[in-house]
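Here's the structure, in structure tokens; my notes come after.
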Amino acid sequence: MMPSVQLPDKEDIEGYFDRLYPLLRSITGEGLRETHKILSEIVPLEHFETPSGTKVFDWTVPKEWRVHDAYVVTPDGNRILDVQTNNLHLINYSSPFRGKVSKQVLDEHLYSLPDLPDAVPYIISYYKERWGFCISHTDRLLLPEGDYEIVIDTDFIDGSLTYSEAVLPGKSDQEILISAYTCHPSMANHELSGPLVTAFLYQCLASMKDRQLTYRFVFCPESVGVISYLAERGDLLREKTISAFVLNNIGLPRSFVYMRSSQGDSLGDRAVGCLAQKPEYPGVEFIDFYADGGSNWRHFSSPGFQIPTGCLMRCLLNGYPEYHTSLDNKNMISFAAIRESIKYMYHVCYVMENNRKFTNLFPFGEPQLGKRELYNNNIGGKYFDPSRQHSAIMWLLNLSDGDHDLIDVSTRANLDIDTVIDAAERLVDAGLIMPS
Amino acid sequence: MMPSVQLPDKEDIEGYFDRLYPLLRSITGEGLRETHKILSEIVPLEHFETPSGTKVFDWTVPKEWRVHDAYVVTPDGNRILDVQTNNLHLINYSSPFRGKVSKQVLDEHLYSLPDLPDAVPYIISYYKERWGFCISHTDRLLLPEGDYEIVIDTDFIDGSLTYSEAVLPGKSDQEILISAYTCHPSMANHELSGPLVTAFLYQCLASMKDRQLTYRFVFCPESVGVISYLAERGDLLREKTISAFVLNNIGLPRSFVYMRSSQGDSLGDRAVGCLAQKPEYPGVEFIDFYADGGSNWRHFSSPGFQIPTGCLMRCLLNGYPEYHTSLDNKNMISFAAIRESIKYMYHVCYVMENNRKFTNLFPFGEPQLGKRELYNNNIGGKYFDPSRQHSAIMWLLNLSDGDHDLIDVSTRANLDIDTVIDAAERLVDAGLIMPS
Amino acid sequence: MMPSVQLPDKEDIEGYFDRLYPLLRSITGEGLRETHKILSEIVPLEHFETPSGTKVFDWTVPKEWRVHDAYVVTPDGNRILDVQTNNLHLINYSSPFRGKVSKQVLDEHLYSLPDLPDAVPYIISYYKERWGFCISHTDRLLLPEGDYEIVIDTDFIDGSLTYSEAVLPGKSDQEILISAYTCHPSMANHELSGPLVTAFLYQCLASMKDRQLTYRFVFCPESVGVISYLAERGDLLREKTISAFVLNNIGLPRSFVYMRSSQGDSLGDRAVGCLAQKPEYPGVEFIDFYADGGSNWRHFSSPGFQIPTGCLMRCLLNGYPEYHTSLDNKNMISFAAIRESIKYMYHVCYVMENNRKFTNLFPFGEPQLGKRELYNNNIGGKYFDPSRQHSAIMWLLNLSDGDHDLIDVSTRANLDIDTVIDAAERLVDAGLIMPS
């Protein structure tokens, strides 16, 4: 059994959620910076700033976006679409604009979703100059004719792009990379769940005894954000990372969905795979790596890095209609689910930590278990020991040939991985096997 | 999308069919020679003649068979089973015979099919001296008692066996071998469809721009025919051929059936396989290579050559009862189907031509597609680009590691191969990838 | 077709069964020794005795157990649970005890099966000192209150553990190991069937002409018995054994069940696998190797030896409730089934003997079969040879490349292995192929 771990209280998670939710995040800027600052109360982050204009591989770090004010005044004098009310109203990275326009002109700068009429969509335009507002379709239909006053007081400055990192060292310098992205403004599941799970996972792992592996945590914006990070750390990651995880979309009270790495059999893939057999995690689904959508895993998995990166979620990215809208809010998520996500990832790490290969020190025939009290009973014939613990001991002795690791044993023997880990510990204690 | 290709008119195909159908073909002789001469109006064939008596591996080229006349006169004076009326009436390679025989003796030399009573069977006896006639079972039952006059005016001379070849060079000297056999007398699907498709395919490929691969076309009789060819060309084929096709049984208006090569994963197998996903070729069936029947593929696939040879058909060889009988005639086949067979094979060649491996020139993370106008839209968030073209671009960037070819990408990404080929071209044009 | 083999008469098998059944066998002792002596009437065994106290790998050969008498006298003076009546009544390796005890004390030393109330269970306690009796649950419930006189006149002496071996040499020194265990007292299927099949199989193989492989037969007790054997022979077995079999549980009139070796594709696994296609052995079931139960295969398969060991049975070990009880007696088994088990194993050996790789001596195209009378008919076209013999010839020519053995051909061609063996013989005789 996995040793119990101190998980954060739901209230504690919710507290951080409530502070982070209202911030106007983007791929640069103060909202992003503030987010990282708050997260560093949970995980001791080192912050990095890449200046605007820096070439990062094929990309250039954009100017930093600042938002001072943004709203629209209707012909009848009502102030609507105020970014202060809901920062989704303003297109992320909107150019500044000021002026009076007809309803028709305004209309060309409005974004709404006829199929989801109560939702304000989340729209970005990082690389194409554009101004505009996002509005619920219901509200849009009620807009009167006439002239509208537009105020978009934004500017672009020579600032920087923020990312942050924390490293939790283990005995080995083989690394597990765990990442979340922090560029999404006020949405709950996607994407505050990922940063919250990642940050609290750090806390749990920090308290793990005899940590073997080194864990590297990174928080950064998507795309140019992760590219900036890779420009700095890519060589090191390529050399040391044996398995990487992107955590996102992980706050819904649903079964887990795991996208395997491009390699399909990374340590992480195998650890998640064998845990999916446990009744305590019912209904885990697996999907194969895909390169034509999704998130930062594409960059980690690009031909120049090929870091085996999986993604743990509780829903496919497009698996819920509220995705990328104002409806992805606190009502959708569950802090119990977020807590369970932390536990599941911790369990995955526990399996990776313990997944060694062993050498049988008594490899010729079977060692005598009875004299070592490794039989649950000491009588034979019609009575025998049907326990899974006993099965695990027998299989381990057979497969401790230096070639099979514990996940192999678990799979081959169709035995719970935790039972196999426990059995290996008993056999090590009995002097029958040793790590290869 | 595959560039459009000028396919032959149905009338043109039919014209050649009508000229070829009546010829009395065999593994040697004038009918075979005339067939090759007519085919060389479509494809610039070089003709070869291997003299009778030549040792070709384990075989000896037989004497050339000549048929001057063959018929039977019934007791009541009717001339029947006249080879001039239907050359299937005479056993192929029948010995000469002349004389009056009882009905009982004649009966021992008649071949008919009780289960298919209206069909005249196609019977051969190349290596066992034998005379005889093939007759519909219906007619056989009506034969009166009495003496029959037999006239089989055939002879065997020191002649030669004919095969023909044409080579269409490409930039590479890697070769695709495409073959059909030409020893079958008056039958339509099996086997004039194969030679016709093969000959017109040459025309289509001759007009293909920037041909990479070299195509070798061969027309020859079965068995000792292909053995004779291999005796001459085997060493060269073994060295250069990367994929071979036997085209036969390919004139019925049915779905395609493809027998994979013995290797099971030749370039040809893979190209046919990925095209079978396209809705324009519905219902393509695949069968594994078999060595215990069928045609020339056995010889190409023999242990001494091991040329990976598939066979494209539109029906299994024994998949229609009319096979190897007079009922396999013009009524069975469709010139539209033959035309479609040419197109399908051309498409297969187009895929083989384009199936390269590429190297991503911006392998570190993802290159910035927006600035190169490789996004169909330049806005993000709730709006995204769901097109297959976009998917293909993303997958190609991920898999352009010098190890994956375009068929791999198509399979892995579950994307149409033509879409992948087009996307690769766009990425090459944009300077993002280059052939490995 | 496998050449016919002289199988033992059912009566002959039954005669040996009747002599062996009553013996009080254990992992040491006179019953075991006498068993091996009787078996050596069938197979010329060499007997080995490993002295008590000998260290064998991690184990120590125990003292030899002797049973002089054992019974219980009830309060009303009846002698029950007499080892002379049924040697299962006494716990195997029971310590000596003599005295008067209350029913309550006796009860702590009784073993019965409430779910199988008429069965006397088979109970062993080799390594824990313990005295006790096994009784049917029905009888147990009838025991009156009062004092019972216990007589267990056993002792433990510095004796030895017996195992026996016979080697049947073939032309090659590659070995097949066939083993059965002989420590089980009066039970029929499990386990007199295994020793009987093994012993008679020796006789059959001894009469096989031109034996290629060497067969090593071993009879020994389980666990410390096979460990003792391995201590002596392990190095030799590891070097020479290409496939091993444990034969047990093989006397029921049921379909065969075969547990594959740990490797999963040993010669034995493949031979049993292809025979399972034959209608004469209907319903053969396969299970994967398991290390957490079962018998001596665990020791042969331990990391220090890794001898690929399968197990042929006619029922899973726990597949019948009578297992390890007095109900596993002569009524359960069938001597016809035992005879059939001998035949099946002989057939497996026949396949292993003949499973060679061949080289086609006419590898370029197909050799001309007609002139060698290897066609069943010498006419072609609509008439063809659909026989499996012909298929086998064609496939063999294709796959005689030095890489494929006959089991490969059988599998790939979906042809009966015996047909393939016969065809190979015909092709060798015709000078077309030769062993690689």
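Points to keep in mind about this one:
Chains here go by letter, A, B and C, matching the order in which they are written, and residues are numbered from 1 within each.
Here, a contact is a pair of C-beta atoms (placed from the backbone, for glycine too) under 8 Å apart; a residue touches a chain by one contact, two chains touch by 3 or more.
Values in this document were obtained by computation on a predicted structure and should not be read as measured data.
Its C-alpha atoms superposed on subunit C, subunit A is turned by 120 degrees; the angle is given in steps of 5.
Counting the residue numbers that touch the partner chain, subunit B and subunit C have less than half of them in common. Separating the CA-averaged centres of subunit B and subunit C is a span of 54 Å. Within subunit B, not a single residue touches two or more of the remaining chains. Against subunit C, in their complex, subunit A makes its touches with residues 359-360, 362-368, 370-371, 378-384, 390-392, 394-395, 397-401, 413. Interface residues of subunit B facing subunit C in the complex, by the touch rule stated above, are 57-59, 92, 111, 113, 121-128, 130, 223, 226-227, 230-231, 234, 262, 290-293, 298-299, 301-306, 323-325.
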